[in-house]
Every structure is written in structure tokens, then in C-alpha cells.
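What follows is a structure written as C-alpha cells; I'll ask about it next.
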Amino acid sequence: MQLSWPALDRNQILERFRKTRRLSARLCEPLAVEDYVVQTMPDASPAKWHLGHTTWFFENFILSKFESGFEPFHARFNFLFNSYYESQGERVARPARGLCSRPTVQEVYSYRNSVEEHLELLLRDLSEEVEGEVLALLEIGIHHEQQHQELILTDLKHCFFMNALRPDYRPDCAPASFGAAAGETRFLSVPGGTYEIGHDPSRGFAYDNECPRHAVLLQDFAIASRPVTCGEYLAFIEDGGYQEFRHWLSDGWARIQAEGWRAPLYWEQVEGTWKIWTLTGARSIDPDEPVTHVSYYEALAFASWAGCRLATEQEWEIAADRLCPAIRAGNFLDQERYHPARASQAGEGLQQMFGDVWEWTGSAYLPYPGYRPLAGALGEYNGKFMIDQMVLRGGSCATPADHIRSSYRNFFQPYQRWQFSGFRLARDA
Amino acid sequence: MQLSWPALDRNQILERFRKTRRLSARLCEPLAVEDYVVQTMPDASPAKWHLGHTTWFFENFILSKFESGFEPFHARFNFLFNSYYESQGERVARPARGLCSRPTVQEVYSYRNSVEEHLELLLRDLSEEVEGEVLALLEIGIHHEQQHQELILTDLKHCFFMNALRPDYRPDCAPASFGAAAGETRFLSVPGGTYEIGHDPSRGFAYDNECPRHAVLLQDFAIASRPVTCGEYLAFIEDGGYQEFRHWLSDGWARIQAEGWRAPLYWEQVEGTWKIWTLTGARSIDPDEPVTHVSYYEALAFASWAGCRLATEQEWEIAADRLCPAIRAGNFLDQERYHPARASQAGEGLQQMFGDVWEWTGSAYLPYPGYRPLAGALGEYNGKFMIDQMVLRGGSCATPADHIRSSYRNFFQPYQRWQFSGFRLARDA
Amino acid sequence: MQLSWPALDRNQILERFRKTRRLSARLCEPLAVEDYVVQTMPDASPAKWHLGHTTWFFENFILSKFESGFEPFHARFNFLFNSYYESQGERVARPARGLCSRPTVQEVYSYRNSVEEHLELLLRDLSEEVEGEVLALLEIGIHHEQQHQELILTDLKHCFFMNALRPDYRPDCAPASFGAAAGETRFLSVPGGTYEIGHDPSRGFAYDNECPRHAVLLQDFAIASRPVTCGEYLAFIEDGGYQEFRHWLSDGWARIQAEGWRAPLYWEQVEGTWKIWTLTGARSIDPDEPVTHVSYYEALAFASWAGCRLATEQEWEIAADRLCPAIRAGNFLDQERYHPARASQAGEGLQQMFGDVWEWTGSAYLPYPGYRPLAGALGEYNGKFMIDQMVLRGGSCATPADHIRSSYRNFFQPYQRWQFSGFRLARDA
Amino acid sequence: MQLSWPALDRNQILERFRKTRRLSARLCEPLAVEDYVVQTMPDASPAKWHLGHTTWFFENFILSKFESGFEPFHARFNFLFNSYYESQGERVARPARGLCSRPTVQEVYSYRNSVEEHLELLLRDLSEEVEGEVLALLEIGIHHEQQHQELILTDLKHCFFMNALRPDYRPDCAPASFGAAAGETRFLSVPGGTYEIGHDPSRGFAYDNECPRHAVLLQDFAIASRPVTCGEYLAFIEDGGYQEFRHWLSDGWARIQAEGWRAPLYWEQVEGTWKIWTLTGARSIDPDEPVTHVSYYEALAFASWAGCRLATEQEWEIAADRLCPAIRAGNFLDQERYHPARASQAGEGLQQMFGDVWEWTGSAYLPYPGYRPLAGALGEYNGKFMIDQMVLRGGSCATPADHIRSSYRNFFQPYQRWQFSGFRLARDA
């Protein structure tokens, strides 16, 4: 597949580039230098690495090809900041990203500044011949950095939680309240039939894994008006959900024994009361807010306990397209709440499809019919991970609002739960 | 889901029960007592355990419920021979099955005889009230034992291969030739449209995971007339297929590095020539026979190299139903070849869809729309494994012919390759 | 160091060879074929392997060098039965000894018979030129097989204990009683001074690690009249010994947490009562018999709790030479009790220095001053293990009586406890 | 054992306290904030942790007991900075010390300042009643911090070496030359007989593990005039020393295979030439300087190849006391070379016994006869590690000169080599 989106405006994209770059730095403002360095589990990366890697992406995929007389900022940064691109050479082993004290944070910011300056210059004098390709790469680089903005937050959250001092990330953002308590969860019906899902090329940017748009056949189904809440999940816990194997996949049951899971990540029982630890501090559980930091195993076990199932990604996308038009109204990173919020009571349609929590679907992350990876090195971006992962949809409170769309496919292993992952119930009609 | 198949004939099923039980014993005839005991990897089990476990299945799910005055053959056999049924209590850890020298092989055969006698008696005096349920359980127990017959062979194959003395299982079955060399592989087109797949209840027995029958929407596609052959796979190897990351899933690439895979399991390069080790002895590779003992990773890498893909399980089933009506003509366990054979040249349709090699599909093993596990303990049979596994179709040279059907869904982790697993190419029309 | 012991009598040694070989077979008489095969932990080996390896020792170190026209019994047996001799080529990885179903037990006995016959023929026609060396090798081979006789028993004990059916090895040998209860433990004083320890070449055979005899300087000390008993050890347990870190080495404390040790191996608490599992069956603990199956960590923790220490190996040997002349009177394998027994009340000196339980000393297994390993391949026998192991002395109820001597140095890692290992207290004068 | 050294002078010890504290800070001057945080292997610790832990030692063992109205600097620092004292409560798992971004480096320095101020105040108003105990604890705390100064350097060395950017610690200290090339190694004879070793209480401070002074019996031996050099070690490498199992302990042979060791740590072959990486930069090997960063396994293998052995710790101490009186003249941390240097040619006695490299001895780290650990919590300081470690003697180029003495016993596992560890040959007379 070739990079090709509807004609991109150079100034517009440059503005988005600047805004995105500023946001990454802004997300790190509350950090001490030390907080940029550590890696508290193999799945997470140090903030310093995220800042460097997103910069390397622009340097390596744009500057190195289109800048005349290109010189890398540092000869070893390709080794240090290549994530998983086999085509781009050797790299630091993923679990060893937190073992690198150098480059310093300041050096990484110098790297960022330098690459930004070179890119600005490159764009100023861009020949028409390559403009389309460069802007397309810039576009993908912006979206790529947005993904890492979410990871900066989730990885820091894990880092701070593991620390005996339990520092807060943004205590100033702790909410008085996120709105009135929502009413009951409703189930909305969607009639079966043939639908189209996947990226519509006329709508702008998408990753290759959302393509091509194609027909799917759905049966009648119903989907919950909002994600499962903490209150509902607590009922599952209190009903012995973690002790009853019948709800669990075999691998999930083994996992919760091995890890001693008895609640979502970041829940802690203090003197008999469940507390939740957030980026804005510790507090009591709000029964009306969506449960988050659950694995696919836990989502499926809850669904089994509730006599429901998860929506497939096809169902989810069709429901979103038809019953939830207002994507940007969600609780995204832009709101700076850093945590899922209660559903508002307004509206007849689906609530919280976008933002708040990523929603586990019942679909494995596999290629769409007719899928072709991007040509060249960026073909490694998505396609090579299409095994043993499940699809999540809709973005979270840590996702930039303009990053998400209804066809967006996120994917994680079924045991992972350090993302803002929740779920929504569905059932056969 | 309730157990319910078209009315089963008591005598007919009893005859099949006896035949199946005899076959298990017959498969073990070439074994020394010592060969029943060892477990050469966690995925495999000792033959002794298979013989005991299949017997426990009948004792535990039929005798213990329907025999009046039931006494277990031995108080600890439930612990020793329960495989993975949480509902049935504690059990030997899977990787520790080969650490049990007792019960002796002779005691396991006594166990088999005793349970068979009790079952015969039970069936003789079966009340009408429970007949349906008992016969249904017997049916599932027979199919269950057939699955383990295949495993007895594949697990022994691994055991003998790992042994420095390389004993042969059935050298007397080594073929002079399996038929004339086949011609070229052709691609057969299947038009897109809405089809039905899954088990048709009027056709007799099926596992719960094949249900319910449901509509699927396919796009035009073409499917290869036969599985990929050893000769074709050798070309992939010789073209550096195992050295070129672009063909591989990320997990697959990591796996082949970690394990040092450079060819299918049981292939060995001896003085520059590839030899293959089979249950009937070591010999040169026959370029015309299907390649087998490959992982999903290897199947997908080959497909990528060949510019094709794997069929989805929906495509596979529709193609089989329309283009390959003669299931029983395949190379099954019944033929006692213990190895895939060359395709015959006769016929215009698909060859070797059934028997020879299990065929990896591009589909994750997930529930069908509307899937319900069997009620009770047997609900653990299939459903709880629906994660991180890929579907294989069609049976192999180690599968009893009357065990297989077009809707049959086998499933393994993508790295596993000790089964007779091969693959067939497909492509978009 | 060269092999050289006082002149060996050909007939005498041949008689001992035959007796030793018969004993190995006799020890296996209670076994089912299956019991010869399995390996329940990496430190243990299957009985079949012990029988083959001890035979390989004679074939490889004697027949292959001194038999004219030597042909190995089987080309792969060197691979299968070499234990750890790098000089003798590749071999089965130690933890994989239990994965070999072949050769069969019967084939191993054929191997034994064949090698014995060849050795008898060799000895019949032995030239004077090589007689000394062959007899010396035969001598070492006999002692080597005696070591493996002890291991056959301890490895089987572990195998049977791990088995859910808990088979007994020799229930017919279960004792009514092993004698009257012993009196109090006394401490016997040994005056400090310069002593000689190590093998006296005039006394016959010894391993290289017992040489050379050399002077040591001891301070006044006192040594307990008998090993610590089960009753005494139970007091340590009941006093919270396994919960109090102050008694433990750091590594030992980590080990008991990681493994959940709360008592010696083979002790089980059944409804509040401690039971002990032996080769002759399960029974209550006899408070007067020596505690066994304890690690060095446990021995040292007990000593710390009791305000004592362990004897050094130098102290042990001097005490044995002076205060316990009657080695052969101990409870050895020859008595066929298969378990340590109560001390008899007779005598003023040290009791149970020989037989019953191996006694952990406070000495690391290191070379004596002037130590030289045997020349050639047998230099790998002892010397290369001189690190991270502690010395045990005195033999056990599983040691053949004519295998042991006061200078004999056994050695194990401090965490190992599947041997009949106990300990005796000492203290500064 | 009670803390008791010859009367300590309050002002003198306070001066040493201040000097030691300043040195720790000085050692960290070349560091970026990021360099304080990471932990590149479980054996190493972050510099930040060392700074905090040495401070905790004073706070916890002195202030908390003797300061009236004591308040800990921070309630969680006991958890964060306790190393291994079970008696002092829970603590961060050792391999997780590098996962703590907080407290910040600045907070740790505040902690240091605060504890120092409190200690100064405490000492100013110290009652006579407790003066002896407080000064004794201060003394041990100073020595404790000196040990960690060495670790700060060796842990940083590992951290910088693992980093792709290979930062230098003190490039300004790189030597032009460390003196003329030394002549041949000589062997000096020491006559056998009864000697005394261990700490002489009249000489001032020592750790409990150096006590009590006691008699030992030595045989005639000879000891090398200087440690083995890089040139000599290179000859071993080039003679295939790492490929010849006969030189190696079994565990050592397994280790070098598993880790791929082919030279000391920090040696790298660049285009056929061996380079060495030091705290002052990379350079060619100086054949005349002592080899360092070798494990006990490598030391013993070299000795075997050279037909020698290592000295026992008893031999080493007697030789040092008699043949090398000038301890303080060595190449210590005070010289700020950060690397072992060539032996000077002057003198007839032993060279480089103190400073340059720690010297592996052939002695296991075990208690001396009559050893008693310190009473109370500090009894955990040394005694609980007396298993599976070998003794090293003499200090290194990273040891403060006034930290070392001839009776000093350092100890490490035989596979460890990130310390400045070398060795000296010995042989029987």
C-alpha cells in the first residue's frame, strides 16, 4: 500500500506538527529529570525514550531521505531510538531501555529542537516533486507521536505507582466532580445486515491496518449505552468473580492465579475499602465512572458473569458510525482530566464511545480482507503485530482528540492492562 | 448449549465405541513399556496418560453419573487423569505428566478394561429416560478419544525423535511410493457472496465450537488445489526465507531466532542434503508431498514470500463444501501411512483438503456468533481456549477418517508445530 | 596423581566386582519397568541411567583401552551414559536423562551382562604389564558403582514421593522397632593440637580428593555423641525456627521462602501431626532417630538456634579416628533398613558417626594442600566440583558399608536435601 | 561480639566522618542527574541508592537510637534505603533499586545534609555514658560508606560500559604512563609453621569477620611477587585457555559457555586488537598492568594453565604481614587513577599486595574458629553471607587507602567480575 491521503495542506500540517511537538514537551513538564529515565516493566518505556524515539521517527524517515547533505544528529541515536524496525538496523533491547542514563534529558531536548529546526527548513524549501510524500510522512509522524503521548502518560502512571513515594503527576487536575451521576445502562439495538467498515479514503488519514474499506455481514445485536462502570465491576468482584473459574478463559484463569489479580490494576483495598490510584492522586472509587485498567481476560470474565459478551470490532464500528456521531465531545487528553469520567445523562444514543476508556472488543487483531502493509520500512508499523492481540476501539482519556476515528484499531495482548482499557457489553438480539 | 444430536442408535454407537477403544490399544502395540512413560515437552503427554485420560473421560462423565453404586476404579485416578477440567478438581500439572512412573502400563490397561466392562453393562440396562444423554456423552467420548489417538502418534513422534537411538514407530509401513508425482498446483476460484458455515445439526455429531451454523459474507477468492509441498518449501528455505525478516510476524521472527529454526521440525541437514524423519524412518525429502510440522509463523512467512495469503476458515469451509465432496478418500490414520502423501493427479477439484496435513488458516480461534458452550463440565472442552490460537482445518494422516468433517475446527498456538500441520495458499481474486 | 593403591588381589577384587554388580540389580528388584525411566528433578537420575552409566564406566575406562579388538556394545551409549566427562565427548543434558524411553530396561541389563562378561574374560587373560592399572581402574569402578547405588535409592525415593500413588519401595523392611530409645546427647571433648588427616596410603583405596594426608591445627572442641534427632529438630520447628531469620544464612532464608520449606523433605503435617515418608512407607516420626533430608541451610540454622555450630571436616575426621573405631557396625545399606535408626545406648564414645545419615560439616569442599587430581579423564571425577559445595562425612543408611572410611569426603550444594543428610553439633571448648 | 575498639577520639573520628562524606559526594561530581538513577544489573545499585543507603545507615543505627526526639527524615526512606537487614523491616527488592525515579537526587542530597547536621549536633552534646557506643557505630558507618564508595565506582563503570554512548567517568585522569615496565614476576618463599592471622584488637577497627585472631598451620609455600598481568593473561587467552575444559571448574566451564566469555570483562576485540575499557576511557591493553575484572573461575583456570594455584587467605595474610609492610603506598582510590597500574621495579618484597586489584584467594568465605557476629542488627552485616563465596584480599584502585588492612576479608560469588578483581599465583614449596 502506498501512502496517499487527500491532498494535505503544507501550512496546516506544519501547524499540527508544531502543536503535537509542543504537547509532548508539555506532558513532561511535571517531571523531575529522574522521572524521564526509569522503565518499570518491559511493556513500558522511559519518557526520555519516547521523546527521543518520536524525534528519530521524523529524522530517520524524512530528514535522512529528503534533506540534502543530511547528517544524523548523533551516530548512535539510530541504535538508541529505533523501536522495532528490523529494516532500520540493530537497537537497544526493549526491556533495556531503562538502563540508559545517557543521552541526558537535556540532550534529548536538544535533539528534538534540532530535528524540528531541520524539518521546518526542509518544509520551507520543499520541491513539488516530493511534497506529497514528505507531507504524508509528516502526517504519519504526527499520528505516531500522538500514540506515544498516550504511552508517556500510561508508562509514567506505572512508574509512579510502583514508587514507594507515590508521586502525583498532576494533582492540580484532580476533579471536584466530573458531572452528575449517570442513569442506568441501556442496550441499543442494531439491525443485522451488510455494512461497510474500515477507512473511507475520503476522510483523511488512517493507518494501513484500517484498510481497505470492505463489506461485513452482521446479525442483529444490541450494544450497551456506556462502558461498564466501577460500581458494576465492584459487584462482579464482590460476587466472587475472581474466584470462579467458569467465567474465565483458561489462560486468563492461569494469569490471575500467577499474578494474584483480584481487581483492576491501580485498585487497592485499604482497611476494607477499595481505593483507586490515578494520575491526579489516590481517592475512593466513583461507582459511576467507567472501570479501567482491566485486561481482556477480565473484560471477558465480567461479560460472562453478566450473561453478555463483548462487541466485535465490526459491530462496534457500525454502532459508533450510526449511533455516536460526536466523536470530539469525548473525554480526551485535551480535557486534561487524565482519568475516565462519568457519562453525561444527556442524549439518547451511545455514550462514551470515544475517549474515556479504550474498549476491548471480541475481535482478534488480524488483517482486513485485501489488506496490504505500507510499502517500505513503514510496512513494519502495524502488520507484523497481527497475532495474539485483541482489538480495542475508541480512544481514551489519554488520547489526543484529533487522533481518533471510528475505524481506528488499537491492539494489545489479552493480559495487558496498563493502558486505559475498559469495555462495553453487547448481546445477541 | 445442550448435548443433542440426531437420534443415536445404541448398538451402532456401542460398535464405534469398541472399535475406537481397540484402535487406541492397537496404536500402542509397537511400544515398549518404557515408551508409554516419558514426556519430551510440556505440550506432549505420555502414551500412558492418553490411555488413562480417555478412559477417565468415560468413567468420570458417564459412569460416575449413571451407574448405580458407582465406585471409582482408583481414588487417585481423578487427580492423575483429569486434564484441565477445573470443575473436576485438582490434577497433575501438565508438564509433570511424565514424572509419574505409576500406575504401571498394565494397571492402565486394567483400568481401560474395567471401565469398558462397566460401560457395556450400563448400556445393556440403560433406561429410556437417560438413554439420550448417555449416548450423547458416549458419542463425545468417542470423538474425544479419537483426538487423543492423533496425539498419541504426534507425541510419540516427538519422543522418538528426541531419543539418541531414534527408534522407528512402524518401519514396516514405510512406503515404496505413495503414487505418481502430482502436476502443478492450480488456483481455483470461488465467487464472493453470502454463504452458510458451521455445523448443520442434521449431519450428526459436532463439537460446540462449530455451532451455530451462520451466514458469512465472502469476497471473491482463489484457493490452491493442494497444500504447499516440500519442494516448494525447500525453495523458500533456499531463497533465504528464514533470514529475511520482511516475511515474518514480529513474534515469529523472535521465535525462529530464539529456537534456531531453519526448517520444519523433523528436517535435518545431513552432509548438505535435507533428510526428513518420519514415524516409519528417516529418508530423503519427497518434493511432491505436502510440507508438514510447520508453525503458523512459518506458514504465513511462506505465504508472504509467495505473494499469497492463507485462506480464512470461512473460505476454507466453503471451498471444501463446494469443491471437495469426497472427504473419506483422504490419507487418514486408517491408511496407516503415518505421513502425508503426494496428491493424486486425478480430479479437477481441490485435492487433499481432508487428511494428509492439518491446514493453518488465517483465522483466530474465536466463538462463532451466537456460540454457547456445552452446559456443565463439558463446557470446558472447547470454549475456554478461545484466545491466542489459530484455526486449522481438514485433519491429517494421523486423524481417524470418521473423526473429521468440513466444519471441524482444530486450534493451536501459532508457534506449535509438533502436529502434522501444513498449509494451503489462497489469494484475493 | 597416579592411580596407586597397595597391591590388589585379582581374585579378591573380581569377587567384589561381582558382588557390587549383583547388588545394583538387587536394589532394582522391587521396581516396575516404568520406575526405571522417570527423573523427577534435575539432580536425580532414572534408575535405568544409573545402571547404564556404571556399566559404561567399566566399558569406557577399562574395556575400550585394554580389550583387544574392542567394539562398543552400542555406538550411541557413550552419548547416553557419559555423565559429565568433557574428555569423553558429548552427552545427554543432565535434566534430560528422564526423556529417554530407549534403550529399554531389558537392553540395559543386556548391556550390563555383556560388559561383565567381557571384563571377566579380560581379567582371565590379563598380562602382568597392565594388571596393576586394570585392577586399580576396576577398584575405582566398584567404588563408583557403590556411589550410584546410594543414588538409585535416593532418586527412587524422590520419584515415589512425587507420585500421587505413593508406592512403597520395600514395605517388607518396615521396622517394628530399631532398638531402645537412646539417652541424652552428650558432648565429647577433643583437645586441640596438630593432627594428621586425609588418606593414609597404607589403608587401601581412596579418592583423590582425600589426598594427600597432611597436618592440621585444631583448637579444643567438643562434639555431640550422636546426630541431631527428629525430636530435637521438631522442637526447633515448634519454636518458630523457620520463621526467625536470625538463625539463617541469607541464601538459606531466601531459599525457604521461595520453596515454602517448613520442615525437612519427606515430612508432612497431616491433621496437625507430623508424618514422615520413608522407603518402607509412611509413619509417625520417631523422636529418637536422627533427622534426615535437611539442607546445609537447615543444619546451620538449627545449630545457631541451639547455640552450637557444625564440626569442621577436620574436627570430624579426628573425632572419628579417635572416638569411633568401629565403622562397620553402623546402619548401612547392608542392613536393608533404608532409613536412619535410633542410636544404641551402649558405649562411651561417639555414636552413629558412620552410617545412618551423612553429616553436614562446616567446611567448604576445596582441595587439600598439595592436592593433585588423578591423571587423565578420571581427573574429572572429583576436582572440578570444588566450588560452592559443603563437605559431608560418614555415609548413610543407603551407603554400602565397605564404601565408607573416616577420610571419605562427600559434597553437595547447601540447598540439596534429597540425600540422607543430617548433622551433628559441635562447639568450642 | 560487642562493638569495641581501642578508645576512639571524638574529634578525630568526626574529622574522618566529614572527609568520608565529602568523598562520596566528590565521586559523584562527574555525574549527570540521570547517571544516579539506573541499575544495569542486579548486583549493581544506582549511585543515588548508595548515597541514600549510607546515610540511612547513620540515621538508622545512630540517630534513631541516640537522638532525643528523633524523627526520621522521611517515613518511607527506611523502606527505600534498607539494603538487606531483615531486622530493620521490609525493603525494595534488590533488582528493583533502579526502578525508583524518586526521591530525586536533590532530595537525597538534602537527606545527606540533614543527617550530617543531626549527627554533628548529637556528637557535640554526647553524654559520656553512650559516647563509646556512638563513636564505635560512627566508625563502622564510616567504613561502611567507604565500601559503598568502591561500589559507586564499579557500578557506574558497568552502567557506562552498557551504554551505547560509552560516556567516560574521568577522562581527565587518563594516565600518560603509570611508571616504567616492571621486570619478571618472582616467587618468594615462605616457610611453613604455625602463625597467627586475623584481627589484632590493638590495631584499631576491623569487621567481625576478621575475628578472632587465631593460630593457623601453614606448609612451605611460594607466592608471586606481583599479580598476574594483562600480558600474561593474554598468553592464556591466545593459548586457547577459554576453549580447554581441563583448566576449568565444572561450574566455570558452564558459565563461560552460557555467557560467551572469552576474555575479562571490559575487554573488547576491535579489528583483531584487544582494547580495554576503563573509567578514564578506552585504550590498548598494557601488558604490564595487572589483569582485572576476572571471576574466580577465570583466576583458577589461569592458575591451572600456569601449573600453579591461588594462595589461601591464610597464606596471603602471612605473606602480606611479613613481606609487604607498606600498605599505604599502593594504588588506591586516593590516587585517582581509577585503574590498576604497573608494578614499580623497586623493592625486593611483594609488590602490589595492597591496592590495584582485589586478589582472589583459594579460600571459601567461612567463619574463623570462634567467630561471633556483632550483637544486634549489625550481626547481619557479614555473617549471614558466609556461603558460596570466595575470599579476596588487599583492596583495589577503587578502595580508600585507610579502609584496608592485611586482615581484611572481602568476598564475592565465584562468577562475579564487575569488581576490580585480579589474582596472584602461589605454589607449594
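In order of appearance the chains are A, B, C and D, and numbering begins at 1 in each one.
In the analysis below, a residue touches a chain if its C-beta (ideal position, glycine included) is under 8 Å from a C-beta of that chain, and two chains touch if they have at least 3 such contacts.
Predicted model only: the values in this text are computed from it and were never measured.
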- Query: What chains, if any, are shared contacts of subunit C and subunit D?
  - Reply: none
- Between subunit B and subunit C, what is the gap in Å from one C-alpha centre to the other? 47
- Message: Please tell me the distance, in whole Å, between the geometric centres of subunit B and subunit D computed from their C-alpha atoms.
- Response: 60
- Centre-of-Cα separation between subunit B and subunit A, whole angstrom: 38
- Touching two or more other chains - residues of subunit D: none
- If two chains touch, include that pair; go through all of them. A-B, A-D, B-C, C-D
- Note on the structure: Within the complex, subunit C is touched by subunit D residues 84, 86-87, 194, 214-217, 219, 245-246, 248-253, 296, 309, 362-364, 366-367, 369-370, 379, 384-388, 414, 428
- Message: Using the touch definition from the top, list the residues of subunit C that touch subunit B in their complex.
- Response: 32-40, 48, 76, 79-80, 92, 96, 98-105, 159-160, 162-165, 167
